[in-house]
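Consider the two complexes below, in which chain A is the common component and chain B and chain C are the respective partners.
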Partner chain A sequence: MLLRLAWATLTRHRMRTLLATLGVAVSAAMLLDMVMLSTGMRASLEDLLLSRGFQLRLAPKGTLPFDTDATIPEASEVIRTLRTVPGVTTISPVLGGQVHVEGVQRTISATALGVDPAVQGDYEITNGRSPSAPNELVASADFLQVSGAQVGDTLSVAAGYDSQLRSFTGRRTMTLVGVAHFLYMAAEQRAVALPLETLQSMEGARARDRVSLFMIKAGENENVDTVLKRIETALPRVSALSTETAMRQLDARLSYFRQLAFILGAVSLGVGFLLVTTLVTVSVNERLGEIVVMRAIGVAKGRIVSQIVIEGIAIMVTGAICGLGLGLVTAKYLNSILAAFPGLPAAIDFFLFEPRAAWTALGLLTGAGILAGVYPSWRGASMPIATTLREEAVG
Partner chain B sequence: MSEAAGVLVATDLHREYHMGEDLVHAVRGVTLEIARGDYVAIVGPSGCGKSTLLNLLGGIDRPSEGSVTIEGSRIDRMRDAELTRFRLNHIGFVFQRFYLMPALTAIENVELPMAEARVARDARLARARELLAYVGLGGRRDHRPAQLSGGEQQRVAIARALANRPQLLLADEPTGELDAKTGTEMIALLAQVNRDGTTVVVVTHDEELAGAAKRVVHMRDGVVVDDHRQEPR
Partner chain C sequence: MIAALLAVTLFQSLDTIAPHRLPRTAAIDERLAADASLKIGDRLVLSSAPGDSTGDTVIVSALVRRRADPSEVARAEYRVRLHLDQLQALIAYGDRVDRFAIATHGATATDSAIRRINGAAFGFQAYRSRDIAVETSRTFLVVSRFHRAIGVITIVASAIFLLCIMLLKVDERRRDVAALRLMGISAGSIVSSMMVEAAFVAVAGSAIGVGIGWTSSLIINWYYRGVYRTPLAFAVVTPEIVTLAVALSLVLGLVAGFLAAQRLVRLPALELLSGRREKRTPARTIVAP
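Entry: the complex of A and B
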């Protein structure tokens, strides 16, 4: 009967209920987006960093991977040392650089990664194969689109531009053997990957036996932090970074983002709460006569409060469910805008949908619905019966 | 009359309340005993305190002084939840403005007190149908209050008041919002309810309604000035 009365009351003022539900839906959509935003980028980046199984990264002392142009010298020696560190199973060196590819009509510049194709963790082949010889490379789809090159083409590739001599330190004729999806590249960033030794050689003396980064896998049963400490002990001249440490550093850098998301999320929740509180208060004031008569005929105060709270929750939950869909659509749209943000990997989702985010938003809104209903309903159910009836009769 | 014999015993009832800065003495020392099966009309000019007295007798207002005992229970001493439960099981209310739940149908309105008393669904549906037939609305049980006339709404209100088989039915100006013809029908219905065993107390300005009662209590300025038995018309 309680549910029946709550439902009947909500459907009695259909337009008002509908408008309130839509208002809550908009508020819920924004809340969901903010919850997704506050956790999405972090979770997405963590997934990205762990996507190829590398839990550790070594960068030049005092830097973050690819944060500066600094490189690690004596890379061969570092690799030899790393192989002696217990728990280290895979070492993937990466050198970042720039190459210039002579096209039919113009020269095209691209970000170049020098890698060990057998153990690399920077790209996934989508067409063709990985380089297996010093004069082979793979490129991103964007590179192919701009250059007009195709898998199997021979390209003239230059690197290491010397502005004093106005010439390249290295030039090779290379074969394009595959198309790759580069995991850490920004959207529409032209990229190629070639064997590490080839890029080091083309970049000249400044890159000889140098790398920008090592990516390292620890054994399955190894404690990553323990391996990290061993590496720091063995190689004090590099900065070792676990995914967890990277995430902590990211957290520090994204604190502004999260604060903004938190504030906007709180505002959304507040708006939803006020909306339902207003609706329930108006509804209770309209029904004071009915409410005190229910009390007079023996309906318990708690039951009346429950019925009105159910009305608030029903609006909140229905609005939240509608808002979930709306939030996902707006998140997708906003994600497509932010994905084009320069310098950020395209694979990062700012608004990553996680069931936890939806449950969090739904839980917060349901809680707000309960709170929104409790005060006005308790106030209404606590009105003195005789006095209220007398005032209702006069009114 | 002893307390045991009376279904309702009110002793030295006072009710004062503030209206702005003024202290209003709405009921001043009323003592009243109502026997089981009686039909009492409380009459008097507007503002004499008769509705306040009815509210005190029904436990929807608390006396400033004095006591109210119904079926041996001191309702003026009960806590709010206990008193609510008592009203549910022992007292039926009928109001001048009907006060049905507009979102519910006639039968759902009658079911409401039974649902609160946790009567099983089948039993309360059967009882609600029986009561609506009793008040002459068997064919309009699925109508909402807005689809019913004033007289029909008041009949539903009476059916609702009788739902939990109360010993006592209290009605405050039950014909106040009805036309003469419908008012007469309502008077007949209340007399029937009384004949069927329910003690009825009505507050009214309506002479015809007062004339149908077995006993008439006259009030003026918060006190009982006359209390006599009569032959119901």
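Entry: the complex of A and C
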């Protein structure tokens, strides 16, 4: 009965109900996007950092991985020390650099990663195989596209350029043995990976026994924070970062987006709430006569309030359901804009859909719908019956 | 480090003491001075690695405030500006620099210099500062595009909201409109009067919105300048933005008012007066037996 009455009221002014639902749908879409933005980026990065099972990173003291050109000296000694730390199971050293690949027509520069191919966590092979000899390398699809090279080709790779001698330095002839998807690289970034020792020797004295980063796996049953503390004690001259610490650092840097998400989400919720409140208030004012008649024939105040609240909830929930679809479409579009962020791994999604985000948006809007209906309905149902009846009849 | 190398030339004049006799001077970040309680005249030991005993002692001679540079806003590291040769020695960089900043006499001279450097100096690449600025501000171009997209969504939501409100406002005046129609006032006049009303509401709302926007920009700038410790303006309300917002609001208001009024004046006056919509039943054909 309550539902039928609410339905009859909503369909009495179809255009009005449709517009209100549309307004709520846009607000819900924005709210969903903002909930996705506030949580998705973090979840996406966490997934990325843990995708290869490395829970810890060691970077030069006071820096984040690859945040500066700084490197960790005496890498062999660090590895030896790390092997003595209880709980450490896998150590993957990484040296970052730049290489120049001499082509027929032009030289192509690419980001280079010196890794231990057996334990690396920076790329996944999509075609071919991982390097197994010092003169082998793998490259990203973007590199292949720009250079025109193919798996099996021999390339002349240099690590630097001497402007006085006008020649490349650290030159090696290497074989391209595979195509790799680099997990932490930005979109369209040209990248190659080669054995660590090869890159170190190509870069000469400045990279001798140096690495940019260590990626570390802790044992399955180990507490990561405990292992982190052990590493910090054993190696006070490096910064050890757990995934959680990295997330906190990221949070601090990208706090702008979380704050923006919070503000816009709150505004969207507020707009949806205002829209439904206005509509329900006007609707109640128009039906005062009908409401007092119902009261006069004995319908309880609570039932009248419930009926009007149901109207508000119906608009909110219908709008929210339409808004969820709209929100996913707009999130995809907004994500494509933010994906162009310079230097950010292409695998990061700013807007990551999680069912929890949808439920949060729906829950907030339903709550707002209830609140939007409570005051006008209570006011309408509390009007003095006789006076209102007379006023409505005369008016 | 690049900035430090570049800035070295700016601070050559800070130090007139002969090298290696007395500690040389260095300029440090204002934030570093605040966080580490340093002041001009303090002595520091700088080294390329933590705990390195072969550090170089310098005297703090200047505090440098960050420029309002968007590309630096999210970078939290401290900066120390040293003399070029001192930094080269400190980090064992040899006789190398990362880049040169070159001043020219006007745009023509810049073009000519770039052409000559790129043509003659094999292994170097000359860029216009403007091109570098475009490249380094890519982050903010992305943020700007994101804001624009959010703005479009907000405009759509506002348009629907405005249309809904106008519909309600016009609906409230069904009887007034009916009386006017019965008195012989034309539909066009009624629509015009409602559009004027809608325009007034839109302009009044815009004025309040501009006030809220301006206050918000003050709060945003105050907050983010504190968070990022930069003089950068994060939100700016310009006359162009105000004009755009008011114009957009006015257009939306007029369109919403027109649509809502059109919907009302199309109904028969008596139907409006009674508040009931008359059901139009199709004509029935009675066939004689």
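We adopt the following convention: the second predicted complex is superposed on the first by the 388 of 395 C-alpha atoms of A that agree within 3 Å, B and C clash if a C-alpha of one lies under 4 Å from a C-alpha of the other, contacts with A are read in each partner's own complex, and residues count from 1 in each chain.
One rule holds for everything that comes next: contacts are C-beta pairs under 8 Å (C-beta built on N, C-alpha and C of every residue); 3 or more make two chains touch, one makes a residue touch a chain.
What you see is a predicted model; the values in this text were computed from it and never measured.
With the two complexes superposed on chain A, say which partner A:Arg237 touches: chain B (first), chain C (second), both, or neither.
Touch status of A:Arg237: second partner only.
With the two complexes superposed on chain A, say which partner A:Leu275 touches: chain B (first), chain C (second), both, or neither.
The answer is second: A:Leu275 touches chain C but not chain B.
Which partner reaches more residues of chain A, chain B or chain C?
C
According to the stated criteria, A:Arg4 is in contact with first (chain B), second (chain C), both, or neither; which is it?
first
With the two structures laid over each other on chain A, which partner does A:Ile297 touch: chain B (first), chain C (second), both, or neither?
Once the two structures are laid over each other on A, A:Ile297 reaches chain B alone.
Using the touch definition from the top, say if A:Ile385 reaches chain B (first), chain C (second), both or neither.
Once the two structures are laid over each other on A, A:Ile385 reaches chain B alone.
For A:Lys332, is the partner it touches chain B (first), chain C (second), both, or none of the two (neither)?
neither
Can you list the residues of chain A that touch chain B in one structure and chain C in the other?
Shared contact residues on chain A: none.
Under the stated contact criterion, what part of chain B meets chain A in this complex?
17, 51-52, 55, 58, 60-61, 80-81, 84-89, 91-93, 95-97, 99, 101-104, 108, 111-113, 115-117, 160-161, 164
How about chain C: which of its residues touch chain A in the complex?
These residues of chain C touch chain A: 1, 49-51, 74, 76-77, 121-124, 138-139, 142, 145-146, 149-150, 153-154, 156-157, 160-161, 163-165, 167-168, 171-172, 224, 227, 263.
What residues on chain A touch chain C, complex-wise?
13, 15-16, 19-20, 22-23, 26-27, 29-30, 61-63, 67-69, 73, 161-163, 166, 237, 252-253, 255-256, 264, 268, 271, 274-275, 278-279, 282, 330, 333-334, 337-338, 340-342
Of all residues in chain A, which touch chain B in the complex?
Residues 1-2, 4-5, 8-9, 11-12, 289-290, 293-301, 303, 384-387, 389-390, 392-393.
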